[in-house]
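First chain A sits with chain B, and in the next complex the same chain sits with chain C.
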Partner chain A sequence: MGIVMPRQLIGFAAAVRLGWAVSSNWTRPILFVTYAVLRPISVALILAVMYSVITHNAAAARPYLAFLIIGTAFWSFIQEGVSEFATGILEDRGRYHILKYTYMAPLGFPLFLVGRATSKLASAAASVVIVLVVGTFALQLSISPLRIDYPLLIAACVLAFISVIAFAITLSMVLLAGKDTHGYGEIMAQFLYLFSGAIFPIAVLPGPIAWLAALSPLPYWLELCRRSILHGQVYQMFPSLSDGEVLLRLVIATAGTVVLGYVIYRWTDRRARGLGYIDMEANW
Partner chain B sequence: MIGAAQRAEYPALRIFFKTIAARAYPRVMAANRQKTWLFFDMAFPVVGALAMVLVYEGLHAPRQYLGFVVMGGAMLAFWQNVLWSMAAQFSWDRGNGTLELYVISPTTFEGVLLGMALGSMFTVTLRAAVILVLGSLLFGVTYTAGGTLPAIGVFLLTLSALYCLGMLLASLFLFYGREAWHLSNAMQEPVNFLSGLYFPVHALGAYVGGAASLVPMTLGLDAMRQLLLPGTPVFIPAGIETLLVAIQVPVFAVLAGVSLRYMESRARRDGKLVTRWE
Partner chain C sequence: MTTALENVDLRVGQGELFGVLGPNGAGKTTLIKILVTLLLPTSGEALVDGLDVVRDYKHLRSRISMVSGGEQAGYGILKVREQLWMFSQFYGMNSKAARRRIDELLERLGLAEAANKQITGLSSGMRQKMNLIRGLMTDPRVLFLDEPTVALDVGAARDVRSEVQRWMREDPTRTVILTTHYMQEADELCDRVAIVNRGRIVAEGAPRALKESVDEDVIVDLQLDPGTPLLDLLRAIEGVGAASVREEDGVDRFSLLLADDAILPRVMTTVESAGRRVSGLVRRQPTLEDAFVKLVGRSMTEEEA
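What follows is the complex of A and B.
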């Protein structure tokens, strides 16, 4: 065990490094960061303009602007972790033809996938920080690094990352079954956008869909991010729940996502091996 | 055999038009062979528009704003097509070896790009129509009937200008490898913002809106909204916006031609036409 653990850690670190290299070695780091933040900043600006057109920047509506900006900022984790990760795995198979080698490596395929996903989440962190900085200075949100409830924020983000990684790995294994599924990670991220409470409260959704959205860990994660950063100055999706109750719901939803993801992963993995999806020619 | 080869030579103009037809054909036919992509092409703008509609619902906005979003969602399909299937296309073509075949054939890049544009316009217009009808029914958006014909005219002009811009971008993308993917991604949301896809362009103010008018979608979409959605805040009167879009068509076409010549000669010199895996 004493020997196995470091090996696994080394393998995990190698997978993270590989993910970062594949994502970023096409350009200089500064250009990569610029491209990575353009999207979330633009989305934040779109929402800020929509907000100002309707509310005329009324003081009473400021908590809703904070709701929109923090939701958009943290959404980068889903965009990178789900959409870009799924695209990356499909590229590994269809374009670079390396997926079969990583599958055969002694590291263990799930650990490789977790490493790749971790690198995506790490690269999203830069855009989260930049969108929050833009929100603070350009949109005058009262965000102060000294007033953030870091333990709550870190606990919420760790749980959310576990569920995002579980979901992304399962999704990419499902997508391996298709020959032309490139782009479906993006669509799935868009669907999650609707169910997550990132840019509107899930209560706006029609009843049964709102109920389904409440099963997902994402609304609880984003709620805790908003509360930990802006406390009482942000619109709350679950005003009747305390921080601890929202955290408990996040824990339960994360556990559910991981268990369901594991079951589906095992099934899709067996199917992929049986039907030769791991090295299928995908006509990239 | 030499005689036969000489007889087979066609006038340049005929080759040009045959190229357009040949390149448009797979765009129309192949797009419908992969049924899952039909869903993808329509679902992406619809889901994006739905998210923005729900934001307006959350803000208790007047219903006319839902019309802005639906029309923006339909136009988004074209901008995505211009970015991914025009601008970045030569980059994919270089990767799969088709670009070098274009270069050694007796045709021009303009013919190939025009074919792509015409084929894309046809297929994406069908999809945008579905998005528009579905979105309007779903969100209860109504339009001014009297503005329909002028709006169709503005729409066709906007498409022409947009795809000429796509040809210009295609020449610029000729040098990009993997960067083309990220560049397309990076151009997506900023243009969605600047062109006022989900809100009236008027809200951007004179300077930002004026700069954003370089993208034909900004002025075209605003003019169509003025014609079809009553109460749209006026950025510039629709007639002037239409005139400006009409001017953009030849400007972008000429710029695309000049840029293609320059980039092609540079790419030949630097060996970029056959480079792969970068």
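What follows is the complex of A and C.
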């Protein structure tokens, strides 16, 4: 007897397959894998070298190097997630002229977008591991798989995943309801970079921006990733907060992101349909 | 702001092949976009298969499908069969059943040999047939076809039309709403049509009934060599109900709706006075185009211009 899969799951699996076909089609599989591995390593190493040059490789700077590498490793997840969702909209609209058909499909457009971006999210997750391995061996970060606080790391990553998906869907719908939105995905990803605490603590940002960054779930997520992997051997963004308090802030910020995302999603969906933008022709 | 549709009131019965006929820009596609949940109406109510297109759009989407003509839609990197299968999955079809159905439809539409071709390599006719399969394979209760044969060669257009007819015959509960600006297509396919012009429905009924509305008129096609403009002069003749002209192969082809035969000599006098030479004159049966001209006062081509 075969396994009966719910209709949504069937459609989601096909969207994942589609995303993989679209994102990996530009070259042979071996070159694609090489690119997917080398890219995050290069980014991490460039940052590490820059940092070492600036700090003259001082021992006191080691906790901040760890801060930088872990932030960069996990950042790729946001970068890939946010930009791939946006690319999905722009490609399906301008390149493949098929957006209206995927939008109309009973699978549901948000689920389609998540499926289409999943292969990129998976490769981003793989790049997290790759960068951490490189950090451990090439940069002598004291990361040990046996000392990682997995429950904390998983809890933080699940919440971050929800936040990133909510944010990416919201951004996608904003793009859906707008014209000439090329490049907005990358711009938003870079904008989030500033707010996330990936390469510097949010406290160094000017007052109002630091306050805004503190509303985002990303700094709390990255803080928990750093703490769960390196415990006390990493620079802390929120030294006065316990792990539980940071987690609580992450929960609240995630809930806020989801609620705000849902409101914006509903509004932009209606706007896109009201203005007839779903089947709008766009250049690619 | 231009109003795309105004006071549109339509009822399409289950099992009908209903045509929405009108010139480009008449509002046909806007109507379809509202019915398939792609566009929100600014006012009024639209139900498809008993479901409100604004409130119940999520449930409605599994019951409908749409195929538009004249577009290059499709993931170019995928092969024909892959692309169709992908969409069957977005509609939650069982994978095996979907593959069977896709192969059956590919065979029927003469695309079996192209099943493993990337869709970028398809001709526009083949691509449109693939799009039609996408629309049919999920077995929608209501299928929307928006100008499905536009820009197709005669053979491909015929294949598309006959597949739509066959699909309707397979299950009498299936409903098709078709937009077209090809009068002959509407006449051949549709049980009933609504003629739309400038966002309003100007007539509705079976093609035969609409043609009968011009049955009492004498319809004359007049071929004239090029010369001075004549349309307004002909329209001004008392007893000329409507007149339209189109240029084809260097010849002006006038269609005239005359109240009776006695008007024809007056027409010929006007033509001769204008110095135009008649190269052909035919009295013929009415078409939907004539019904349109009588209702609107101008031909579809003039409306499009």
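Please note the rule applied: the second predicted complex is superposed on the first by the 270 of 284 C-alpha atoms of A that agree within 3 Å, B and C clash if a C-alpha of one lies under 4 Å from a C-alpha of the other, contacts with A are read in each partner's own complex, and residues count from 1 in each chain.
Definition applied: contacts are C-beta pairs under 8 Å (C-beta built on N, C-alpha and C of every residue); 3 or more make two chains touch, one makes a residue touch a chain.
Note that the structure is a prediction, hence the values are computed from the model and not measured.
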**Message:** Contact-wise, after the overlay, does A:P217 reach chain B, chain C, both or neither (first, second, both, neither)?
**Reply:** neither
**Touched partner set for A:R39, first chain B, second chain C, both or neither** = first
**Item:** chain B versus chain C as contact partner of A:E186, first or second or both or neither
**Value:** first
**Request:** State whether A:Y101 touches chain B only (first), chain C only (second), both chains, or neither.
**Result:** second
**Partner chain(s) touched by A:G71 [first = chain B, second = chain C, both, neither]** = neither
**Message:** Tell me the contact category for A:A13 with respect to chain B and chain C: first, second, both or neither.
**Reply:** second
**Request:** Check the residue A:G197 against both partner chains and state whether it touches chain B (first), chain C (second), both, or neither.
**Result:** neither
**Request:** Could you tell me if A:R273 is touching chain B, chain C, both of them or neither one (first, second, both, neither)?
**Result:** second
**Prompt:** Hey, what residues of chain A end up touching chain B and chain C alike?
**Reply:** none
**Asked** Once bound in the complex, which stretches of chain C touch chain A?
**Response** 30, 33, 36-40, 42, 58, 61-62, 64, 66, 71-78, 82, 85-87, 89-95, 134
**Request:** Write out the stretch or stretches of chain A touching chain B in their complex.
**Result:** 26-27, 32, 34-35, 38-40, 42-43, 45-47, 49-55, 61, 64, 68, 178, 180-181, 183-184, 186-187, 190-191, 193-194, 199-201, 204-205
**Complete:** Seen from chain A, its contact residues with chain C in the complex are 7-8, 10-11, 13-15, 17-18, 21-22, 25, 95-98, 100-108, 112, 270, 273-274, 276, 278-279
**chain A partner contacts - residues on chain B that touch it in the complex** = 34, 36-37, 40, 43-44, 47-48, 50-52, 54-61, 65, 177-179, 182-183, 185-186, 188-190, 192-193, 197-200, 203-204, 278
